[in-house]
Amino acid sequence: MKAWQIGMVLAALLLLAGVPWYGSDVLVQFGINALLLAVLAQGWNIIGGYTGYASFGNSVFYGLGAYGVAIAMVQWQLPFGVGMVFGVVLAVVFAVLLGIPVLRLKGHYFAIATLALSQVMTAIVSNVGLAGQNIGLVLPPLNNDPLFYELSLGLLTVATLTIWGLTRSRFGFGLIAIRENEEGAAVMGVNTTLYKVLAFALSGVFSALAGGIHAYWITFLDPDSAFDISLNVKMIIMAVFGGPGTVLGPIVGALSLSAISEFLSSEVTSIAGLFFGLVIVAAVVLMPRGLADMIRRLRKTGWRYFSENIRAHRL
Amino acid sequence: MDLLAQILVNGTLQGGLYAVMALGLALVWGVLNIVNLAHGAFIMLGGYASWYLYTYAHIDPFLGLPLTAAVMFGLGYGLQRGLLNLVIRAPMFNTLLITFGLEVVLTYLAQLVFSADFRTINPPYAGNSLAWGPVVLPLARLAAFGVAIVLTVGMWLFLLHTRLGRAIRATAQNLVAARLYGVEPRHLYAMTFGLGIALAGAAGTLYGTVSQINPYIGASLTAKSFAISIIGGLENPLGVIVGGLFLGIVESLTTLYIGQTFADVASFGILVLVLIVRPSGLLGKTT
Amino acid sequence: MTALLEVRHATRIFDGLVAVDDVSFTLAPGEILGLIGPNGAGKTTLISLISGTLAPSEGEILFQDEVINRLPAFRRARLGIGRTFQIMRPFPGLSVLDNVAVGALFGRDGGQAKLAKAREQARVSLEFVGLGKDIDKRADELGGPGRKRLELAKALAMQPKVLLCDEVMAGLNHVEIEEVIEIIRKVRDQGISILVIEHVIKAIKSLSDRLLVLHHGEKIADGTPEAVLANPIVIEAYLGKKRA
């Protein structure tokens, strides 16, 4: 990265960090949601974008993180920080235990297995007494939106720095090699199973932390909201819209799509949903490699960029 | 014992419906390699189409089924020809996303047009049932089961014995082979997707006669269709019958012996197990 | 001197079809062993058994006198077994340099932990195979001959002790074949043993110290190139068809 790029990123970070001081309460609340979604998109980026495994089950990590915090704080009267650690431990255990068999599956099969796991988890948690069954848990309220905002921003920063570190490390190269050609990676000495599980777990750690922050902020959670399956799709769309397998793409995707959808849903809710769907359809056809790729290439190729994308993938 | 028999019968009847729900998904997946996340939304649309036909034109759902299927076929053909063919060679992830986008669009369109109210297709015979010993057979469910089996077997015969069917099966192996049948690939793909959506529409009609429909049922029906296709395996069109019956019976038994809330754990848990242990389905080859 | 690599009675069956049938041979340190045979003779399967992407149904594979056939592919790579693929499999989204850097980052003994050093090592391998000027291209921008060399460079960056080459000359013209032969000789001069699958008989005859012939998965000849190519069984099974 060049000096001016680092400067730009730092300036953007400062601008974001200042929101609680100059922005409205509504903006801060929107910000918390958008930043946590960006963390989820970044978490997904590790397993989906860099390793090439399209997980539809990252909502499980989010839910485990949320329940980790809720159970620790409500049932055991432990501080929030301990709850976050508990949530992360749950997520890592899940990633390792289920990752080992499920990461053997490829392509659609992996996607479907993870989707099914996320359905199973909702149903299982609905039957666990400690987790409040399907009634849910109510956390002690903490009315401090600026704190939650800065926590979310901090988490997103750490997640992004981690990914940036990945792109220049041996581990990250191993993941990319797996994505590009798993067998080729193995014969070059990449321990593919270990790397995939590590990537899944790392992706789970960030998702769980996001879930933990969200639970404490919202102060209430039940299985349907904690393991919300549509969350999977949201984070994937945001990552893919921005540019999967890039350091900043998923953030751009998450923030821009959150803003658009917030703006539209303040008008008519169902129109916002409809628009969301149309954006996805159009994006897949016109810019299948995401905003990051589009911005990079549009300057060189101009409008031909879109027709070239279609020509490359049509029957 | 009577209760068990009744539960088994209920599961079997439900399983027939499940089979036809999954049939279209399995066809499109096996042949076009598109996992259609909008499949459930098309089932939902088919349900509404028949509901409107019955409510406003007084056409019996079973008689109106061919009409619904034909309309849905047209919709599917157009979507494949005009949209999905544009991304068919993109990475598998993009086709997943585009069909998800379609799912969102269809769901919200349905909410705008049909409202979020629950609808049921209620022909006069809806409450009637046959008695078979101690077991009760609701007439509508029995009819839906019968139609489902006819459709599934009919599809199987079509794929085996017609020129188009053979071309479709050849496409599942590879595109070059399909060209030998002299069918233009873009047309062939659109025909296949159209058939898949027509089956979804038919499934929606049957679903509407035995359950409630609303704009949001799509996602869970897609998930179930997946489970059924995987359990049955994609290689054999009759696999969905096995998968459907299996899932229907397992769900009924789970509800009876463990509890309603565990029905999903059972079905999706089995899905994951099958994927890990026998990725080619219960009927598939072991490797 | 003992063999670096030894294959004992290796057999591989796919769905009842015997692809490799009770094949045994050894590869000495610094040796170039040519592996020939008609299409479908089981050559690539044999290489896959050694590199670990396939498991043998029966038999043993020894590397430096250790049985390795239970080790996963990445462990064998770390022991020093490098291979190229016949159907070239570059990492298409990565630059040519980073494709090769993966080999240096992993490879023998777990490779190089630092990216900068790995890239340095990759640059050396790329210079060695004559791709020095293409390092900044994306791998999928290379043409067929370039990709063959990239495959070689990726395997070499692993600093292997044994290199398994699966048809690195197929589709090349005479000049390019001469160049690749030269590269392989230079690799051997560094002390690396080489198993090379090839269809171009003239090339493999001049390159190999020894030839092994597979036919329907069975080893039908093993010896000096002159002796093997004069062997009537080999002519019958393999060359006979070409003469007709």
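Chains: A, B and C, in written order; residue numbering restarts at 1 for each.
Here, contacts are C-beta pairs under 8 Å (C-beta built on N, C-alpha and C of every residue); 3 or more make two chains touch, one makes a residue touch a chain.
Please read these numbers as outputs of a predicted model, since none were measured by experiment.
Trainee: Identify the chain pair joined by the greatest number of C-beta pairs in contact.
Mentor: After counting contacts between each pair of chains, the winner is A-B.
Trainee: Going by the average position of its CA atoms, which chain sits the greatest distance from chain C?
Mentor: Max centre-to-centre separation from chain C belongs to B.
Trainee: So, comparing each chain's Cα centre against the centre of all protein Cα atoms, which one is closest?
Mentor: A
Trainee: Can you check how far apart chain A and chain C are, centre to centre, with Cα atoms defining each centre and the answer in Å?
Mentor: Taking the mean C-alpha position of each chain, the two centres sit 41 Å apart.
Trainee: Just give me the whole-number Å value for how far the CA centre of chain A lies from that of chain B.
Mentor: Measuring from centre to centre gives 31 Å for this pair.
Trainee: Counting only Cα atoms for the centres, state how far chain B is from chain C in Å.
Mentor: Taking the average C-alpha coordinate of chain B and of chain C, the gap between them is 48 Å.
Trainee: Quick check on chain C: which residues sit in contact with 2+ other chains?
Mentor: none
Trainee: Which residues of chain B touch chain A in the complex?
Mentor: Of all residues in chain B, those touching chain A are 29, 35, 83, 85-98, 100-109, 111-112, 185-186, 189, 219, 223, 226-227, 230, 259, 261-262, 264-265, 268-269, 271-272, 275-276, 279.
Trainee: Note which residues of chain C are touching chain A in the complex, please.
Mentor: Residues 51-53, 72-74, 76-78, 82-83, 85, 89-94, 98, 101-103, 105-108, 110-113, 115, 118, 154-155, 158 of chain C touch chain A in their complex.
Trainee: Once bound in the complex, which stretches of chain A touch chain C?
Mentor: Listed in rising order, the residues are 168-170, 173-174, 176-177, 179-181, 183-193, 245.
Trainee: Contact residues on chain A for chain B in the complex?
Mentor: Within the complex, chain A touches chain B at residues 48, 54, 101-102, 104-105, 107-109, 111-113, 115-117, 119-120, 122-124, 126-127, 134, 229-230, 233, 236-237, 240, 270-271, 273-274, 276-281, 283-285, 288, 310, 312-315.
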